[in-house]
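The first chain written gets the first letter, and so on, giving A, B, C, D, E, F, G and H; residue counts start at 1 in each chain.
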Amino acid sequence: MRLTVYLAGQIHDNWREEIKEKAKKLDLPLDFVGPQENHELSDQIGEQILGKQPSAYYRDDAASDINNFRTEVLMKKADIVIALFGESYKQWNTAMDTTTAITLQKPTIIIRPESLIHPLKELSNKANVTVETLDQALNVIQYIYK
Amino acid sequence: MRLTVYLAGQIHDNWREEIKEKAKKLDLPLDFVGPQENHELSDQIGEQILGKQPSAYYRDDAASDINNFRTEVLMKKADIVIALFGESYKQWNTAMDTTTAITLQKPTIIIRPESLIHPLKELSNKANVTVETLDQALNVIQYIYK
Amino acid sequence: MRLTVYLAGQIHDNWREEIKEKAKKLDLPLDFVGPQENHELSDQIGEQILGKQPSAYYRDDAASDINNFRTEVLMKKADIVIALFGESYKQWNTAMDTTTAITLQKPTIIIRPESLIHPLKELSNKANVTVETLDQALNVIQYIYK
Amino acid sequence: MRLTVYLAGQIHDNWREEIKEKAKKLDLPLDFVGPQENHELSDQIGEQILGKQPSAYYRDDAASDINNFRTEVLMKKADIVIALFGESYKQWNTAMDTTTAITLQKPTIIIRPESLIHPLKELSNKANVTVETLDQALNVIQYIYK
Amino acid sequence: MRLTVYLAGQIHDNWREEIKEKAKKLDLPLDFVGPQENHELSDQIGEQILGKQPSAYYRDDAASDINNFRTEVLMKKADIVIALFGESYKQWNTAMDTTTAITLQKPTIIIRPESLIHPLKELSNKANVTVETLDQALNVIQYIYK
Amino acid sequence: MRLTVYLAGQIHDNWREEIKEKAKKLDLPLDFVGPQENHELSDQIGEQILGKQPSAYYRDDAASDINNFRTEVLMKKADIVIALFGESYKQWNTAMDTTTAITLQKPTIIIRPESLIHPLKELSNKANVTVETLDQALNVIQYIYK
Amino acid sequence: MRLTVYLAGQIHDNWREEIKEKAKKLDLPLDFVGPQENHELSDQIGEQILGKQPSAYYRDDAASDINNFRTEVLMKKADIVIALFGESYKQWNTAMDTTTAITLQKPTIIIRPESLIHPLKELSNKANVTVETLDQALNVIQYIYK
Amino acid sequence: MRLTVYLAGQIHDNWREEIKEKAKKLDLPLDFVGPQENHELSDQIGEQILGKQPSAYYRDDAASDINNFRTEVLMKKADIVIALFGESYKQWNTAMDTTTAITLQKPTIIIRPESLIHPLKELSNKANVTVETLDQALNVIQYIYK
């Protein structure tokens, strides 16, 4: 049974490549989807498709139309959501995607460092499982196949 | 990942053929469905199947039974809805299909000319993305695969 | 049993006042809600609250944020939706509100002149009842209390 | 028509008292609910009811059980959600409550300073309306009654 | 706690008056709603409001628009549905209302004579309770208040 | 695009074989499912699996448990429901299956003889399309592929 | 704001009276509903209304029709569910009511003794809060009003 | 038509292997999923992935996070749920999984010994079918293919 996993979370490092590598090594039958990982592209996509906007505010709004469209299409395909919170940035998109997944009753795993236990406590409490490493997240999924 | 796209909108020109052509050139893995494009057939289908009706009103009602049936079957299969509004005609079916898609939480793109910005502003505001050309609509979908 | 009726439709004449008058004469225990009827205000409300926008397009978008917010709050309270289509204007908001109501399974009555039978046939087919006059619409509601 | 408004957002200043004051001055028929505003209590409530926990992590988890319970009960009663984002803190609870409201289709207003336009762009895009001040948020609600 | 009971079923005798009488004697805090009980009116209501129709078929269709509208409005208000099947007539409206109630997860009681056990067995199996008399149906409701 | 069609309706003649034949001749890519067509088996299945029951009533109830289970599994797989009403029998299972399909928003076609127009008028009014022959029902589906 | 609380759980002692007393002392604006607390009546209600059944099995099935009807009507009215598990009995009705409440997204509190931690761990994990005493359960609700 | 069957119930004997064997002999096109059958692993999985917990209570809670995650992923894939209750143990997970399935409207079969008729009567009454042996459960499914 193949499962589709949406990888919510920061797009500033290559954790998605790592987790895909690890999943392959564990031989897990998973397909991964997720947000646009090219940060610059995700900021520019509004103007790139819709043309020059009058200011930064409208440029952001145009980009978010298209980023939200992308996320909606892909999250509907997901059987599982993994959301990674790192120590930098506001990461409100990660919080938004995680909450959307939970409210839509998608089984959800949060990955976050120990330092974020307190600020993430209510969201973490709503997710199915919260772990600290990529390996742990994959172990949770691997348990489905045991 | 193949996606199914419902093409709502006017059936008086060949924009659906164009968009299919363009999608093929972009190598997008899309399947397209949509309303009956043979306008005459879509007006006659009630009488054609159910027999002569007492007046134009009943002829229209019989046809719409069957057109609505068709749309319901196909829209349920769609992952994405693209709705094109042109400058002529009332286009209430386009508005109806777009709103149905949005209310059912299907990711939705509206294509409309600049001249329709004002009358379409509330509907446009509810859709995920609004663009002016077929190319832009496909670029939005192409972004999913980037 | 009091019922709340959302009056969707054009805001360019005073049909809402008329229908309220008629309902009072029939002694129907109805509360009426509906969109902003002051057309100018509904176009300006975005800039009025959010400040000057860079162009007509953004002004429209800002207004529609707030008009859509208003409609969502009020339509949720409605037991019944009456939608009036007239002969002028695009009336896509009327089509949008009617379709939203139908998709959310609100019992819905359309009022439209004979001249609009053909272009409205599919939407009309999805509504519960279609009539031509305000009196007929109220008679349909009055029948609930008989 | 009285409406119930859930005030999501930071609990470190007295913005809720301010907005209640302002609503009273505008004579708006609103009832306000929201999260526990006593920050210390909201952190301690787990241990206060369930007893001493083995470490900070479990103390946080116990508190969040009860905070999430509280939010669920009250948000179900809300007709409208206003979410305020300030410049400090992670504010993931605000993001979580806002997203829950949007996903449950509650009409939602975000209040955020200009400096947060970029990090909040996708969430803001999903909300009905985004404003910068308490007064603007109330003006949006006041528009319902006009 | 007052409860609203929708009385689905035949409109050819006065069982609804009887059950209301009995409920009053038992002092049950119930409000009753139901379909149009004036059979002639329910057949004529289409033409009465919409005008002369071209034939019996269209006359029936016009009436059923309005009867279905009425039922939808009232069944939404019901906490409980009681459906009575008698020995005469096709009673497809009773079957339709009962199934609608069950599918919408309204608690449902069927009343039917012994002679109808076999033909009603699948529907009866889906309802919460099936009884043979009005008194039994009210006893089931009375049990809520014990 | 293959579609699955649930064939609700009487199990006393071989109309299902006929419609499958006709669909094959029209080259329609349809898979058909439906209730147990062996009438005797459908009446006996309860006792056959659960053992001798104390009376006809309990025998019927045991059978209906299993018949309803079967229908639920298969109707969930259906894209379209066709329901045939004939002139004999109560046919409450047909009414129940049709109403379930409509309430679950499955696109639905009713086939019924002219003689049943009046007693079926409200149910017919709720279905997408009502026709009189098997050929007409298939023509409606064929229209999807045109 | 008054809230309605469904008290699921064993009906073999008077914990419901106790919790009502305690709520009154705390001045909490709560209305309580729950299953039939007269155990003998809840076992006999099937035969009492429907008449003598052929054996214990059918007597139980008849009673459970009516007990489930009662629970469905009352749980729909509940804003909160409290479920108490004691040390004796199978208590599958308590597990069933708790799970129904959780699946329907009703905020839910479990009360159980320490000895049941292990066998209840998965259900407890799904509930919002798990406590050991009546006082703790009421403290959780009291927190809503603080 | 292949169907996926979730096998809820005790994990202390090898009934799942038996039922798979029997299904193979009957040539039923079924795929089986279910909870973790290695009891020790299901108790340890929390500490195994998340590390040593402070006490048995937290060890149980950590394990149940992951067991519930597993069940949610797999039950969503199921077309049918079979739940087996044995004579030992509390079996609240079985009751929880059965109720979740029923509330989510999954067609459900309970298998239980005669001795459990009384304590399971309300849950049994809500399931589609209740039987006493593995063979009977498979016969019910086999009936779908007849």
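The rule is simple: a residue touches a chain if its C-beta (ideal position, glycine included) is under 8 Å from a C-beta of that chain, and two chains touch if they have at least 3 such contacts.
All values reported here derive from a predicted model rather than from experimental measurement.
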item	value
Labels of chains that are neighbours to subunit B and to subunit F	E
Of all other chains, the one whose Cα centre sits farthest from subunit B	G
Selected from G-H, B-C or C-E, interface repeating B-F by over half of its contact pairs	C-E
Separation of subunit B from subunit E, taking each centre as the mean of its C-alpha atoms, in whole Å	40
Chain centre separation in whole Å, for subunit H relative to subunit A (CA means)	31
Subunit A and subunit E: spacing of chain centres that average the CA atoms, whole Å	50
Residues of subunit G engaged with two or more neighbouring chains	65, 68
Chain-to-chain touches, reported pairwise for every pair that qualifies	A-B, A-C, A-D, A-H, B-C, B-E, B-F, C-D, C-E, D-G, D-H, E-F, E-G, F-G, F-H, G-H
Contact footprint of subunit B on subunit A as seen in their complex	31, 33, 36, 38, 41, 45, 48-50, 65-66, 68-70, 72-74, 76-77
Of subunit C, residues touching subunit E in the complex	1, 3, 79-80, 105, 107, 109, 128-131, 136, 139-140, 143-144, 146
Touch list for subunit C against partner subunit A, complex	54-55, 58
Subunit D-touching residues of subunit A, taken from the complex the two chains share	56-57, 60-61, 63-65, 67-68, 71, 89-93, 95-96, 98-100, 103-104, 116-126
